[in-house]
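Chains here go by letter, A, B, C, D, E, F, G and H, matching the order in which they are written, and residues are numbered from 1 within each.
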């Protein structure tokens, strides 16, 4: 696409419809809006069919509102992650249709009603325990905002294998499995040994002492003796869902 | 026991008293109740004669109450660990006989009156200092809820060996010794050199600077030059008492 | 599939064609051959259509030969990873058609001639530098043994962006991109910002000083500011290729 | 016992059969032989019925021989751990009945023929993979030298759960289970969820990259979501077997 | 200069205009004012033409005021870093012309009006994201207080290369580039590959999980595959600007 | 002394003035008072002429008061470290002559008026910066309570060597030097190169980013290229002063 | 320059002297030669007037020779770093004028005779000890190959300040100072407090124990209490010299 | 002394017996000999009565010989640490009276015959195990070369307290105790609780797994719950003996 754009620009130069100066400035990249504190990308939906995403943590209310305002000019839906309720209220002032997912700490603007396909493809989101659910919900909201179907399988940690085995069907029929686990994170290895599709593992900061805020689970997942596991940052439910959505898009030939 | 269950199921299929569909669904595991956010195991007491345990930290009040409610349908006693006073008050609303152990941060529901044996077997719970007592009490409440007798030996760190030697009798007659120590954690090695029974070591996060929230004590215990020491997670009084109770059950042929 | 197997077993019990004892023993799992030092899985190809894999490092020659011998009874091709030339020579004695990939440290037994598809789908394997090639080749051999087409893009680290941009076409048309990079590992973020498909990142132990044998690159990849990157263990070219092959299988509806 | 000794000494002083000077010198401890470079304990067997143990690594041949020479004056059997074949040959010169266990890197002097009981009690030693066997064998030799029966269950890592489930009987009937696992070490959690007796976990340095020479497996085991797991140092098969033997001694009322 | 001072002192001794006692006491160093809790350097401006700097964090209000009071006796401008608004208010009481830079957490006393040169030389301060701006502003205020011109290029992280390329001109014409980036910190490598002047990299503590409060970005920068990058402490915008100002002073033959 | 005590006990047994039972119980150690949560040592002053010390952090008010109450029965002075003002107020209720040192976070009960010697011996307490003073004051209060003279040399970090050299006399005449420094902690090496007496180094948690709460300074001090430096825990002003006081006692033949 | 190139290309398209296809392919970057295993940059000298650099460690002899062969087509001088004597001999076969700097582990091809300026500008390269010299020499050879004058000041660590002060003149007159130090690395802070120009600090892996192969020195340098220090990777003498050369080029208006 | 030197120089300038130029050059420090690769200090014996010390590791034979050659011009004895037998042989060529201490890896040149005092003062050097002896011997040789008497107490680790208590007399009568221990390093805390004089703790790299090459022992020692312990670098027997010798010199009023 970048190549195409480049060729188009050159054709315009060749046929005289674009001056060299303008071509140079266009060529430096895809358009974005420069707010000073942020360069807001306006064409991600065009580029890859995905919603725009705003990482809210650490931004001031003014910055968050400014960025949403620019993005709302596009028709796309917008996902705000790591957003507090306070952040949501600020966004809600300028985007009356914004929805807040409390447990997932996510804001969704322009949520599409029927964006989920009717077919059989889905992502399974699995957690080891109850306290991992907050991160799992970030993954769920992300994947759904990106148009994927999701099935939740929560609190099936390896301490009671029978709970996991009871959901084996659901696991094995998923196209992609996202495993969310803190403490020792062993669930990713066990799940990966039971399914034949890609597993995306999300270590969580759940635990105490030598869980080291998620490092123990992270290392477990990176060293998984079962093949087919790849890993994202600690507590990064969003990242796992993003990768899973890319895979789903490829499988189904478009956004699901 | 899992094997027996399996055989029983198959016998029922063979003699026609169970359909194949039902057998498959039963076979996937022991029963549990699915609350969505938690899959609550109902038969641990049946399986291993132990109380059910709820790890409270990081769960919402609704989740804690929901899980206790399901567990209370069994007749077993229930242990809630890492519970704040607030958690306790929520549980107390639905379980009037719940007791709160402030220093141990534990809730016990259905506390059995006379569950402690009259024989000589006991677990010694030893601390290096006064500030380790909170974790030690978690071990004490756990072991007692699991039906074991406990004797406390507190504040006998190696800086004043005479305090430890004064309790030598009590130490050497214990079946299992739990050593709870922060800072440099040397007590585990010294105790293990003095007794001839298994030592379970609990590093605590007591200390400052290079104690690194318990890592120093953990490493000391893992590297103990005295044999017979095994180690649990930092501040995991519960875990040490659980393992100790398993050993006591084996020694005495049942829950003590 | 595990479910189906279970149902089939129960149907046989129900209709009397299988005794309860035999059913119990079959039910405990899929068949494998027990060599004492190894339990060799014989049906992976049946289960997921993939070759069997032997991790050679740390195994004695006797163990490696024993495992290959069992696997060779199946008709599948076999991949040996982290294999020294000496390991290869031992395997070659019992498997005359074994091939050794020196740079990748891989043995392939029964290499299928024409297992690569003729269509457009491929995995791009990208390295930051020349010294990352050994790990990249492990990924290449793995993916090819698993039936995928691969295109190599080597030595395109971010220090000279023009080298990467010159290969943009090749990158953007790949279904999955594997990025192999040591030192600071920045290439994964940059590539992921340029493509719209999943990126699997392999940190390598290339570097010195604060590269900490791959930790620096690993952290970079886990913290990638560009979404769509998931990460495997340091130097785990095999693992990335395995995950990539799972994705390819899903995209193309079978092994490619 | 230490108390008894003290009382006996005092009685002798009181009745005049021991001078005060001699009492003081005796009182300072149990007897040992001072070789300058080593103070060799001569009465461990008397104290706790266990063999003497010599940690060979890092000692010179002269030191190893000197220590064995002193210990051989007792009638007990002697275990040398982390011993190279060269160490063994030096010991063999002075102890013709010494036996070398190659894979376990252990020397046993005076190996008792029939020291294993005929009853049902046994320790199960389980490994995740083939490359963990060396450490597992250290545990096996230790436990057997200490008079315990052992059953081996090797190469049953969680990547193929069916291999583990096939050995469920053997696991569940053991009095104590030692789990030996490297890489991500998830096996300890899974095993502990399946059995109702104490689990001693030994992380091994098997793996590469982020296994960090056993740290990943260690953390997994310390954070086990399944209760009843306690942990020893990385690669410390001896330590786990020592603790397991102490538990066995308590269960069976003596050395098995 | 220290040499010159020494020679001058000796000449005075030689010609009798200075007693030996006085010479000894002068020789011990350049003058400073001793407040007990602080030894305030009074002659930095004289020595290197730079303003005095006060690091405010961790100092009491009394200490901060005391130090500013002494420094204000000189005619130099004074920079207070890591200053809270509360610190500012305390300084403002004694220095009415003090200015507070909220985002940079900096106080400037005696801000020189026209200290910025009219020539072409400037430092470019670049950030990867919006949340890195606070640290970048510390660098900006520092450099400007030291008399340098600065141009800001914010939110041009590598996830969207087109945003960076759009500012290529501005980057390449700078004399020194300060790159401020958290998370994976890849921007420093990419920028350094695009420019031909020195790059000073400031890792920030922006991020979560494995960003480890800036360690990930720090390691990335230290391992940069592009040459010409040197690094300062995490969040040390001041330090980078100080080094950059030293370079600017050398290039332009004086404070700019 | 322990030896003498032992002999005395035996003589009493021998001459019949002490029963064997009493001897055994006395022999187990020096007397202490057992409060359950604490075993309070009553005879340290007798043993080594030093005050008793209470580490207050992490203890409840009841525990602190209980321990002080027991200690106050002796005539010794008592030092409470890491004590908040609130802790002080609790102690003050039961010990009206208690004094609080705010900056040092120390309580002193029974502060001896004239316990400081009139001779030339003193400890120099040196800090790198102003923010290290709090830890330095803990050392000062400790050493003074232990009867030593102290001279303060504050804010003489290596960034301005002239400030340190100006105090060279004071440094070189001290019997022991305590160096308190955070950030990079280089002061300990430099001081040790300038003096010919023992240097005790206290790393402080002052700094940010890669100071890692004192680890950077700790490592610097442990690796000092200048000989004669030994190190205590991060922020352990008390420990350095305790060791220094032991040395002073030896030099001067008693408490100073 | 990149901009200019872009404009030139567009002008050629506009005036028809370049086809669109060719423009696209040219536009993707500056020319390089693609060897498969390496993309060799041919125009660095043209771009920034600097020699080409080959990092030899981890490359095979064939790769090293191949890369030198391509670079030798340019007229520039070539620097090979981290080169063993064996590497040198391989290069020497194809480049008879290659010179090997044993202590620096560097190869220089086409060493320019008189490339060092006659003016006063120079870089001072300082080491703390004798064992740091190897890394310092890497810096010296690099800077000289890049046309800079260098003065060596070796073995002036802070343990003996008089050795450093004796070279104060030489230090203070340098335009840039490179400080090379292992162990505790304090020299960088002390030097930076004495000079008024930029200091580039190179931690070395010299030391043992807690020097952690250079981490201690690295942390010291990053936390330097003296401003004006920036840091490169452990043992990266090349990197420091590269940055220093960039600064020198700016100061002197060209390569020195 | 430095002050005196300064005054003397000034007096000479004042009375004309020294030119200003010469004074400046003298003033820059105490004399040393500049070998280029080393600045050899010639007057340490004069300054502090101690032998000169050469750290041999990492130096070439030429460098070692050169430094010894310069030092031998003084009449002092010389200590070479971390010296291999090969290093010794090189030194022996130029210093026929050089002695090699194999276990300590030390060379001593000009060993004084009767430099040990006849009085009661001594340093006790204690080890936990046999494998710590090598480091302990480095301390012994150092202290003896510095004129101190030493008593060895080896292999008295806390696993068998009776061995330590048997040596209580010897421990308690020492002026300074050096504790050398690897693995968990608990011996330092226990010893410090038993003696009333300063303890210098040397962690050793003895151990495996989580001993982390001495880090575990180091942390234990830094966190010692017994006061009076200060710590040196891992395996730094020399450093502990150096500090101990400084203390001994102060106690006895001169070199012992």
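Basically, contacts are C-beta pairs under 8 Å (C-beta built on N, C-alpha and C of every residue); 3 or more make two chains touch, one makes a residue touch a chain.
No experiment lies behind these values; they were computed from the predicted model shown.
Across F-G and A-B, it is F-G that has more C-beta pairs touching. For chain F, the chain whose average C-alpha position is most distant is C. Looking for a copy of the E-F interface in A-G, A-D or D-H, one arrives at D-H, which has over half of the same contact pairs by residue number. With centres set at the average Cα position, the gap from chain B to chain C is 41 Å. With centres defined as mean CA coordinates, chain C is found 25 Å away from chain A.
Each chain gets a centre from the mean of its Cα atoms; for chain C and chain E, those two points are 49 Å apart.
For chain F, residues touching at least two other chains, in rising order: 3, 160-161, 168, 194, 209-211, 215, 218, 222-223, 227, 233-234. Every pair of chains meeting the contact definition is listed here: A-B, A-C, A-D, A-E, A-G, B-C, B-D, B-F, B-H, C-D, C-E, C-G, D-F, D-H, E-F, E-G, E-H, F-G, F-H, G-H. Here chain C touches chain A in the complex through residues 1-3, 47-48, 53, 168-169, 172, 175, 194, 196-198, 200, 218, 222-223, 227-234, 238-240, 242-243, 246-247, 250-251, going by the rule given at the top. Within the complex formed with chain B, the residues of chain A that make contact are 130-131, 133, 152, 154-156, 160-163, 165-166, 168, 206, 208-211. Chain H contributes residues 3, 6-7, 10-11, 13-14, 16, 20, 23-24, 27 to its touches with chain E in the complex.
Residues 128-129, 157-161, 183-186, 189-190, 192-194, 207, 209-212, 215-217, 219-227 of chain G are the ones touching chain F in the complex.
Remark: chain F residues 28-30, 32, 36-39, 41, 57-59, 63, 67, 82, 203, 205, 213-215, 218, 233-236 touch chain B in the complex.
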